[in-house]
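Got a structure here, written out as structure tokens. Questions coming.
Residue numbering begins at 1 within each chain, and the chains themselves are lettered A, B, C and D in the order written.
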Amino acid sequence: MSILLNDDTRVIVQGITGKIGSVQTKWMLQYGTKIVGGVTPGKGGSLVEGLPVFNYVDDAVKETGANASVFFVPAAFVLDAFFETIDAGIEFIVIVPEHVPVHDVMKMRDYAHKKQVMALGPTTPGILVPGKGKMGIMPASLFAPGRVGIISRSGTLSYEFAGILSEIKIGQSTVVGMGADPVVLSNLPKILHMFENDPDTDAVIIVGEVGGEQEEKAAEFIAANMKKPVASYIAGRFSPQGKKMGHAGAIVRGSAGTYEGKTKALMQAGVTVLESPIHVQAWAEKYKLR
Amino acid sequence: MRLHEYEGMDIFENFGIPVPERGVAGTVDDALSIAERTGYPAVLKSQVLVGGRGLAGGIRIAETPDELRQTAEALFETDIKGLPVREIMVSWKASIKKELYMGITIDGYSGKPVAVVSTEGGVHIEQTAKTSPDKIASFKIDPKFGFYPYQAAGILRSAGLDGNHISSCSNILVRLYRIFQQYEAMIAEINPLVILDNGGLMAVDAVLEIDDSAMFRVKKILPLSPEGRIGNLLEKKGKEIGVTYVDLSGDIGLISSGAGLGMASMDIIGHHLSPANFLETGGGITADLLYKCMDLILMKPLKAIFINIYGGINPIHEGAKGIVRYIKDHGVTLPIVAKALGNHQEETWEILKSGGIHVVTEAATEKAVDKLIALLNNPSA
Amino acid sequence: MSILLNDDTRVIVQGITGKIGSVQTKWMLQYGTKIVGGVTPGKGGSLVEGLPVFNYVDDAVKETGANASVFFVPAAFVLDAFFETIDAGIEFIVIVPEHVPVHDVMKMRDYAHKKQVMALGPTTPGILVPGKGKMGIMPASLFAPGRVGIISRSGTLSYEFAGILSEIKIGQSTVVGMGADPVVLSNLPKILHMFENDPDTDAVIIVGEVGGEQEEKAAEFIAANMKKPVASYIAGRFSPQGKKMGHAGAIVRGSAGTYEGKTKALMQAGVTVLESPIHVQAWAEKYKLR
Amino acid sequence: MRLHEYEGMDIFENFGIPVPERGVAGTVDDALSIAERTGYPAVLKSQVLVGGRGLAGGIRIAETPDELRQTAEALFETDIKGLPVREIMVSWKASIKKELYMGITIDGYSGKPVAVVSTEGGVHIEQTAKTSPDKIASFKIDPKFGFYPYQAAGILRSAGLDGNHISSCSNILVRLYRIFQQYEAMIAEINPLVILDNGGLMAVDAVLEIDDSAMFRVKKILPLSPEGRIGNLLEKKGKEIGVTYVDLSGDIGLISSGAGLGMASMDIIGHHLSPANFLETGGGITADLLYKCMDLILMKPLKAIFINIYGGINPIHEGAKGIVRYIKDHGVTLPIVAKALGNHQEETWEILKSGGIHVVTEAATEKAVDKLIALLNNPSA
């Protein structure tokens, strides 16, 4: 088993006729993902990689029985397409595009929550279940099947961690890209909760970064709810301050957002804080992960 | 994108927030003629897009025209945190009884706008938040419902604002939220909002940071073009070619394809060496883009270059072609270490090696940094 | 008994310090209404007719135990004050002012519905229970206690009907002004439902007018749910068309909105349609109302 | 308030809805020079605020400059349903393949905006709604959620629109909704939206009716002042003094304090006599206002005056003073019947009687109308 993506997941690709959408569709298919069709307004009736393309999401759902969707839609059109996809009954949505306006993301998050739809992103590499399938752009070669869950705020760093583990033959159960934007569609604790309940995951790695409050809230959740071992890496210790949220942000969050605040919170919750990605090997060996 | 204070003030004024009479001067004579209209004592505020401007000497008072001439001359010759002062905003210095704080920003975790007010505004506002939390109140806004004066009044009451000012302040806060919405802001902030000796209110600063991703919509209602807004020349050039470039003080050039990977690379390098920049390509790698990236980071003297890229959405083999073409065109002989994994990795390695680049094929960035250090210690390694 | 306004109703007056607010407060008190205070922002601490004035509705509720409010607030401020009043826990609100923007009324209606708050208006004379109390501006002298319910879309016409009945010693149980705006906060069927369930009401008069669909929907409700006799008068038979809603309105409503459409629907639902207000006397006598 | 077609078109254009190139002419020469720019065949549309303008001859086509000169001259000398033509909108007559309909209005019963579209637009749209309901689709909008292209596309699909036009039409419908919201409209309507021979779309009419009660907000973004917008001089004067005045063709003056009461009075009078107007005071009665109301209704020759007022929110005794003062100032000798009930009714009766007015103290308007008829039949009654 795995989280979010499994044998029952039937995926459509939105923006399937675009340059990126069509290439990634091929790769997702090659990796064994059950892609059942695609959507591009105005391109209905054509075929991509042998898959039917529809003009509207509801048509695609009706014809293919899709229950999940991955977006390669231009940022300016993501909001509209996201609402359309939820209204069409899709239950799990991965938003790959970057540069989606944050005021749009707030609306999307609110609607997904109301309709109880699970979504990842924006600015996410998606999700990958080694040896089973993937939704998004994660490069398959770096991953290996196993029992470690990875949840990352950064796309490329999730590859880094999976790659380091795969090199020493420690595989992954599911690798989840949460999305790198200031507001994302699902917060860390929600995904940690799934990993905690997943019988095929023995331990979890959180790849975080400075800024925001995700890791602090994750620490609260872990302290209260998690029994599985958790390790965490926080990128940006030596970085100049990232997205500055002004005084208001600083006031609301207090010490949240800094490297020190995050690592302190995580350590107090019993999380192993990794100083460098490569230290994940020692941690994995200590817990005899595989 | 952060707007200049004077641009923010124009917008505030359009939305009915009281702001001082003011003008923007590009020369000392401009400043004098503005002050003639707005009156003395005059405040001179350097229009540089950098925080802590006041503490760095960028805000001055002039009591007389003579003093103003001297002060303006001095400011135009000053650098504020490395940025030259090209424009000064001149206004009348009102008599201030009290400084308040008002801001709207985004609470990332809940995904909602949040309004924050304090009855102790001014430069030490973040300190106040820690020492006197009872003087601060915040409120999460539901954009679907909107934000109304009665809610603003509720926040101001919890912050302990004097009853006489609640009605006028709540109108200002509601207008600030309208600006925040209409300009798709990350932050809309007034610090300080002052209560004048005569009891009136005035926003004597204006912070407005617009979501870059929303600029395609917001630009239609912006007073000025975004050009010339970024202080650092190299950061501006980065924006032009479509990458994130942050200028740093070290001597190792860094190119990465992802902000998290870039930060981790910097962290790992930072234990031993000092990065000259942070260049993150985002998801749009082409041969041409990487050619330009090389050109950009080499505008500063470098000791070595570190490249850390993944092929997920990015065709890194294309990127590699651009890098190698640049090396050949410009005869680059610096040590360059590259880690490049993911789709098309083998092809990428071959191309990079053809340009004399040291390719590390292990997964951990740490290993690649080790290689870099070894090379710098022993160039023939 | 009565509907909406009874012995447990504790009323505050919003805009109590204004010219109209203070005069009407006096008259409501004189009529026996349990007014417990008032609200005018900035006038907190003063007294009107011996009643305490507060700056904020929540303070008024806390101090007086009010559960109902009547608005004499300038139209431009009604939206904000309405939300404030609902959030303060008031359960029944009467909006007397006219000229409240219709886009504001749509928002008010939506929020009242969500929070299950009952409201009348805008542009309503309010509600009057003869001999007991009133919220709003109905002139007391025209009403008499009895067992006929009146619900009216027009303020002055509700006076006309009550007056005609009172002259022949037929009293009223409750007289409700629904409000004359294109969108009102409660529709006809909601109030008819209350009258049907009110043990002190034997029959109901609907005073409608041309335009909108209230009477057509009321007819549907009556046919399905009402046992008590209902009479109706529709004003505007010879009027030039009132608020024109364009083609879209005409298309959406079909024949709804016209005098003929309304009277036909009401008659089919078993309602006695009155050609002139004075005919209400014959109807009341036929049903032996009192 | 209904905007002129050309004002609506300017707003449509600002929101990105395609509209014809056009100009507004006040003279025949203006019209000629506009057509020179926009091309022939030209459409000339009288800018009068009245429905059924086309069927009444207010819209004409001119194939040549000569024909345009004659047509414009004729239009400027025409009355459309009693309104003089002062301005003509001139545009190029596109070749039309198909006419669609789009409108947003308020559904009063649900209290929600409703979007309506039809694939058979044009002058007979209301007929289409009855005969071919399958060519019409409507959708209730939740303003808290907003209205997005995918929803608009859904409506257009249900109405059976050809797939090629759905995407562009849904963008237009979404923009129409934005206009509806921002201008606080009662109606925003395009009839017809035409599909041109070249496949493009164009709104060749623009209807925008703004909520009068919202004008205090909307006026800031309106292109023109509301002045001069009401065709009928007396109705305009009514607006000026703050009452609702509708001009009718009869000879009985009518003043009421409430729209419902006014309509009922008119209905009852209408069985026997013919009202000259419908004047409704609203809730703002003063002595001065009623003085002005008398002046307004007496601008036309009347046979009698009927006054029907209630003292709820209105101080009718004050109103009575104004009426009587007017009668004395101007020596009015017409028969006047008044019914005035409610607060201060006895005082009101005394005042009215002092002006020679016949006061009816019974509750039913019918009785007062009976009195009026009796008086007209026998002036000494």
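Convention: a residue touches a chain if its C-beta (ideal position, glycine included) is under 8 Å from a C-beta of that chain, and two chains touch if they have at least 3 such contacts.
No experiment lies behind these values; they were computed from the predicted model shown.
For chain pairs C-D and B-C, the one joined by more C-beta pairs in contact is C-D.
For this pair, chain A with chain C, the centres built from the Cα atoms lie 54 Å apart. Averaged C-alpha coordinates put the centre of chain C at 27 Å from the centre of chain D. Chain geometry summary: the mean Cα position of chain B and that of chain C are 55 Å apart. The residues of chain D that reach two or more other chains are 144-145, listed in rising order.
Shown for chain A are the residues that touch two or more other chains, namely 107.
Shown here, the protein chains touch in an arrangement that is not a line, ring, star or fully connected set.
Chain D meets chain C in the complex at residues 51, 101, 103-109, 111-114, 116, 118, 125-126, 129-130, 136, 138, 143-144, 181, 184, 186-187, 189, 191, 207, 209, 211-214, 216-217, 246, 248, 256-261, 263-264, 266-268, 270, 278, 282-283, 309-313, 341-343, 345, 362-367. Residues 41-42, 44, 55-56, 79-81, 83-84, 87, 107, 111 of chain C touch chain B in their complex. By the touch criterion given at the top, residues 144-145 of chain D touch chain B in their complex.
For chain D in complex with chain A, the touching residues are 145-146, 148-151, 153, 157, 163, 167.
Those residues of chain A lying in contact with chain B across their complex are 20, 24, 27, 75-76, 96, 98-107, 109-110, 125, 136-142, 152-157, 159-160, 162-164, 166-167, 180, 182-184, 187, 207, 209-210, 212-214, 217, 233, 235-240, 242-252, 254, 276-278.
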